[in-house]
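Chains: A, B, C, D, E and F, in written order; residue numbering restarts at 1 for each.
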Amino acid sequence: MKFAIQINSAPWESQACETAYQFSRASLTMGHEIVRIFFYYEGAYNGLRWMSPPDDENPLIRRWSELANEHGVDLTICISAAQRRGLLEQSEAKRLGKSDNDLAEGFRIAGLGLWVDACLKADRLLVFGA
Amino acid sequence: MGVLHLVNRSPGETQALAQCLDRAGEGDAILLMQSGVYAAMKHSALASRMEQSIRKVNIHVLAPDLAARGIAAEEVMKGIELISYEGFVNLSISHGPILSWN
Amino acid sequence: MKNFLFVMRQPPFQGSRIRESMDMIMTVAAFDQCVKILFLDDGVFLLKSNQNPDNPDLKTSTPLFAALELYDVEELWVEGESLAERGLDPSHLILPVRTLGRTEIAFFLAKADIVVNC
Amino acid sequence: MGVLHLVNRSPGETQALAQCLDRAGEGDAILLMQSGVYAAMKHSALASRMEQSIRKVNIHVLAPDLAARGIAAEEVMKGIELISYEGFVNLSISHGPILSWN
Amino acid sequence: MKNFLFVMRQPPFQGSRIRESMDMIMTVAAFDQCVKILFLDDGVFLLKSNQNPDNPDLKTSTPLFAALELYDVEELWVEGESLAERGLDPSHLILPVRTLGRTEIAFFLAKADIVVNC
Amino acid sequence: MKFAIQINSAPWESQACETAYQFSRASLTMGHEIVRIFFYYEGAYNGLRWMSPPDDENPLIRRWSELANEHGVDLTICISAAQRRGLLEQSEAKRLGKSDNDLAEGFRIAGLGLWVDACLKADRLLVFGA
């Protein structure tokens, strides 16, 4: 079975990202495929590289990146959602004179077409978060 | 194939569950998760509406979210099935499309 | 081709929510997929006529819905009960819509391949 | 001095207004703003509870938020006062403390 | 010195919400202000006993409430009706609390200088 | 009259920031004082410098900065809320090897003590956003 996942919530405001992560892990373990995890609306904030919570709290960001590393899951953040909120795509960042890479490991920034593409390739779309 | 409805807020927070129960049809499934699991308690504000719906809709609750909130299996209404994340994945396969009532 | 159903249950003026939802809808339409929109609960307020923020930063989404026709998105459905509970009827809306009864919603949802709450 | 209660969600979204009305006391003021202004409409789901509360609590609605949503003054329940942002500031002076029912 | 009243109406596990709220409370306490906490509506679930996520990333806020005593925050109030509507009574809670009736809430709020919903 | 304002919502998710801004403007025009606007929880995202919404949408960020410029309003973002979410305070940013300034004009990052300070100096606290 092929799943497309959409995440609409910022990482620290709810349990939505956590549930999406656990669902993704479980489905991969069961041998299913995650076509893509697409971050939209407030979900774009998941891609900020510099999240630095207190030591005793595990930043979800590292676990997303692990999912990408270990299972090759495609983590795509919508470009317009990201730029609106202050996370710039690389060429735009360069144009504005930024030098840091603010995108967390394993994420990429791309257009909504990839969301449609995931919906078309998957058997199911699951939407997590407000 | 019935629709899978995801409800992640308690009836004490939002109208989402009540609005979902109003629309869920025969053969649909509802999964209570996150704060939505409070609605699985025998004493929830929507208990009587839940009981009515259980006759036609399959209502499930995510067990790890119950445990996190200190809700014992005995506190859950009869007719609601406790499932794991694997069960959640299986529900997503046996039902479709999936609607989140956020 | 897949059947996409967008379910709008949120009232207007929730930040950029509607603008971003409409971007999704227009992108799906550009991919030549079948698109329907269903307005439920407070989502029917999106279509209420006379929305007019004098505040330039609080943009109404009314023109976005009017532009849907250009993308061949013409199937706008509203649940009659959602309107009635809010003292509204189709004549109060900015666009012509098709009306569904509450008991028809389950079947209507089940017919879609992809349902997106927005 | 009475409390000022701020309600920014409609009764179709959350329980916030119902929960606020349950607690607001004599001499308190309620300000409906943002989506909360839908509750000022004559046909709101909580219309009868609002009418009861109007007798003891001063209920206000932010006029620019009504206008943005296309709600005419005639659509507003009797007894609810339309105010501007300046009126909001004045309410925050005449009442205190201020509680947001988010 | 001011009277701060923190009103907790949200259930647990809303991301880092409670942790950040507790930081506010502890900071106010460190400034030697008078601190009360009132649990209303779903906020009473914060105090439900036996909370135990086996998921290490979903931390329970129970220890944070237990630590309040160290900051001399001892006035924890719960609305009896909020408990009863959820099938709970004070014996189901992790900490001893004082109970208020719904009709007493308005007066209780009015006595505070600063009310913070968290 | 002296007001302390607390903002808990991200800029694009609700009308909360807009209402807070309009309230602040109105109270300043009427001759009142805003002791401080304090950004907490998801409100921390208001300080991200690089927000780039479509041209026809006015980014709230510029208006916050205007409020700071024109009226000297103190815009403070909570340091722990900001760092948790990926907006670093300057010395921490340096320590992690970042070179861009990611904080929008007119904002500063500081501790919760400034929130308490605002509550103590003000006659009223208003909290906007979820």
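In this text, contacts are C-beta pairs under 8 Å (C-beta built on N, C-alpha and C of every residue); 3 or more make two chains touch, one makes a residue touch a chain.
As the structure is a computational prediction, the values presented were derived from the model and not from experiment.
Enquirer: Everything stays put except that chain D is ignored; which chain groups still touch one another?
Expert: Without chain D in the graph, we get one piece.
Enquirer: If you take the chains that touch chain C and keep only those that also touch chain E, what is left?
Expert: Touching chain C and chain E alike, sorted by label: A, B, D, F.
Enquirer: Of all the other chains, whose mean CA position lies farthest from chain C?
Expert: Centre of mass proxy via C-alpha means gives E as farthest from chain C.
Enquirer: Of all chain pairs, which one counts the most C-beta contacts?
Expert: More C-beta pairs are in contact between A-F than between any other chains.
Enquirer: Could you give the separation in Å between the centres of chain A and chain B, each centre being the mean of its C-alpha atoms?
Expert: Once rounded, the distance between the two centres reads 26 Å.
Enquirer: Two or more other chains touching the same residue: where does that happen in chain F?
Expert: Residue numbers touching two or more other chains: 10-15, 22, 41, 53, 57, 80, 84, 125, 127, 130.
Enquirer: Mind pulling the chain C residues that touch 2 or more other chains?
Expert: Chain C, residues with two or more chain partners: 13-14, 16-17, 41, 55, 58, 114-115, 117.
Enquirer: Which positions in chain B are in touch with at least two other chains?
Expert: Touching at least two other chains: 12-13, 15, 34-35, 64-65, 96-98, 100, 102.
Enquirer: Identify every two-chain combination in which the chains touch.
Expert: Taking the chains two at a time, the touching pairs are A-B, A-C, A-E, A-F, B-C, B-D, B-E, C-D, C-F, D-E, D-F, E-F.
Enquirer: Please output the residues of chain A touching chain B within their complex, sorted ascending.
Expert: 1, 3, 8, 14-16, 19, 22-23, 25-27, 29-30, 32, 123-130
Enquirer: Touching chain D in the complex: which residues of chain E?
Expert: Interface residues on the chain E side: 5, 7, 9, 40-41, 102, 105-107, 109-110, 112-115, 117.
Enquirer: Going by the contact rule at the top, pick out the chain A residues touching chain C in the complex.
Expert: 6, 40-41, 80-81, 84, 111-113, 115-116, 119-120, 125, 127
Enquirer: Going by the contact rule at the top, pick out the chain C residues touching chain F in the complex.
Expert: 13-17, 19, 55-59
Enquirer: For the complex, which residues does chain E have touching chain F?
Expert: Residue positions touching the partner: 2, 4, 16-17, 20, 23-24, 27-28, 31, 33, 114-117.
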